[in-house]
Amino acid sequence: MLAPNGFVKTIFLVASKDLRIEWRNREITATMGFFSVLMVLIFAFAFVNPAGDGLKSEVTAGVLWVGLLFSGTIALARTFDRERDLEAIRALLLSPAPRAAIYLGKLLGVVFLMLLVQLAVTLLSGLFFSASIGQHAVWLALFLGLGTLGYAAVGTVVSGALIRSKSRDALIAALLFPLVTPLVMAGVRGTSMLLNPETPDMESIVFWTEFLVVVDAVFLILGLWAFEPVISGE
Amino acid sequence: MSLASAELQLDLVGKTFGRHRALVGVSAVFSPGKISAILGPNGAGKSTLLGILATLVRPSTGTIRWGNELLGPTAPGRAAIGYVGHEPGLYGDLGAFDNLKLFGGLYGKAVDPKVILEKVGLSHVDPLAPVRTYSRGMQQRLALARALLHEPAILLFDEPSAALDPAGASWLSEQLVLQRQAGRIVIVVTHDLDAVAPLTDHLTILRRGRLAHHAPITTTLTGVDLRRIYTETTGACT
Amino acid sequence: MVQHTMPPTSTPPKPATLGVFLLGVAVCILGYAWVPQMIVGAPIEMTMGPVQKIFYFHVPCAWLLMLSVFVCAGGSVAFLFKGSERGDRLARCSSELAVLFGLCVLVTGPLWGRVAWGVYWQWDARLTSSLLLWLIMVAYLLARQYGGPASRKLAAALALFAAADVPLVYISVHIWRTIHPSTSVVPTLAPAMRAVFWTSAALFTVLWFVLLSFRLRLERLRNEVDELAIEVEDVLEVRMETKRI
């Protein structure tokens, strides 16, 4: 399929459009951000012993990733709501823009917003759970980044397919979470090792990073294939 | 055959949604430089037909051709289609300029939003105001601007005068005539018989998914004439 | 111009296919009468005792879960990228079988585990990926039912991701020590056990084919009924038109 202005330019147009809308009304960042903060708080009430000194690194890692999953559904749902509002999606699909480029554009927009919120959540978790997030900050960022990318890769397909479904909000989580389990497994294992105050097992961490890269690659390829048929509807 | 004179042809097009057959064996031809009206009772399949003409809906059977080119989801000829549906097809949170520049970019065209807004009578509008704050009539104007951005050879309208005030409706009629003069294939699905009657060059009537009438109009019709033809063909009142 | 089309003739099964199907049913009936006796007569395993015999149907069910998922994924690919209606039917039917056999695995497994290991559940590679696979197949059925206009395509996309997920989850969990018996158990079986096992496995596979073909035919007949209903409407439509004219 030919786009007169190039595949990459289309990705940029779609992503920047989403981010410009977000800049205007800040809806996703506000709702997703607030929801994530509340989640951290609730986890704090649920798990932290006031007398003790913070959470085990495994639990903190779990909190980070559960937060990523749940708050991510907000971004995924809203990004396609905006397309459906005044039927902009129809005009978008009618244009020569390749569907794969639309997919990548939406994906990048969602990933950017999720990462922003994830940054705030990670800092908060460091505060509330006395987690040593600074000691391997780069690796931690890499894990969360890769996890977000893979999650959004599947989520964009699922959310796009549900664009006209009545049960969209209930179904997004139900359909998405089982699919992204490999991400969560690898992510939590690696993150808990990184948050461990004792010296982490670098070999394992490297393995899990490579594993995440493979998972992301698989999800991206499948997502690129599957997006066009599901977004075109019946 | 030059593109400018290419006709839009449907061959035995059918569309089934699960148990529901929306269109059956529709064969039709639409010519450039003419306004073709598509009428029919609710549920007759008009929007589905327009969706197929816009290549947004894939037909279950049959083909759609523009000139010699088969129009499918990946055909380059799709870039020649402009569509104005029930909803304007715009991003409500962005302003007019942003919307036009975005769609221009998607079609690979550099656009001057001011010029385009002038053409549709929206030059007074605040370029940054979100489109969702516009009135329905203003949204329709902007929608038409968006549809015309890339100089389409085929223009499709799905009930464009619905929810428009009389001023808006007469502006729309003027626009249809302008586009016909520009040599475009103009296809309008509508219920507003009075508005479309004096303009239409070709009449298509759908009834329960089938073509009940598909013929050119040789004389200028009044709303009454059109109503009569419609009632006779569909056995319904409108 | 109105059109009048002939209604499609219903498709009875070809004699050869019907014969094979009936043979399969016969094998199942005889087999399920006979194999339990084989299982009872099989030698008792030393360490685990009689409960080990769950393995004779637990393992075949697990294999059939996998098979069903891959058939579902295959049908989904054909539907998503070629628009194959048969692929869609195949995907739907095998997803139901996946949920069925998966349920058998997930029920018999913990029963066995409680006696053999003392716990109903463990988060090792095999168990986790089986549970996950089952959940994704349930999600598939949910998507088909409630997914809105694009539900068939959404479900097909899910099946695709499911097929990719299975090896990924398996590997990720397997890196840690697993207490599940390793895959190499089967070749090291005592000869007497081996005969019983393979007979049972073959029988379950025949059952799977019988159930699948039955369900596929049901689905195909449903589609035909839908088409016939539409044709009837068409014919009535044409008659009304002719009367008016």
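Letters A, B and C name the chains as they come in the text, with residue numbers starting at 1 for each one.
Keep this in mind: a contact is a pair of C-beta atoms (placed from the backbone, for glycine too) under 8 Å apart; a residue touches a chain by one contact, two chains touch by 3 or more.
No experiment lies behind these values; they were computed from the predicted model shown.
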item: Chain of greatest Cα-centre distance to chain C; value: B
item: Middle chain, criterion being Cα centroid separation; value: A
item: Rounded Å distance between chain B and chain C, as computed from the means of their C-alpha atoms; value: 47
item: Geometric centre distance via CA averages, chain C-chain A, whole Å; value: 32
item: Distance from chain B to chain A - Cα centre to Cα centre, in angstrom; value: 39
item: Chain A residues counted as touching two or more neighbouring chains; value: 233-234
item: Sites on chain C touched by chain A in the complex; value: 80-81, 132, 135-136, 139, 142-143, 146-151, 153-154, 156-158, 160-162, 164-165, 168-169, 171-173, 175
item: Chain A - residues contacting chain B, complex; value: 1-5, 9-10, 13, 17, 20-21, 24-25, 82, 85-88, 90-97, 232-234
item: Contact footprint of chain B on chain C as seen in their complex; value: 1-3, 5, 226, 229-230, 233-234, 237, 244
item: Partner chain A, residues of chain B touching it in the complex; value: 17, 54-58, 73-74, 76, 78-79, 81, 83, 85-94, 98, 102-103, 105-108, 130-132, 139, 146
item: Residues of chain B defined as touching chain C within the complex; value: 16, 18-19, 21, 24-25, 27, 208, 210-212, 214, 235
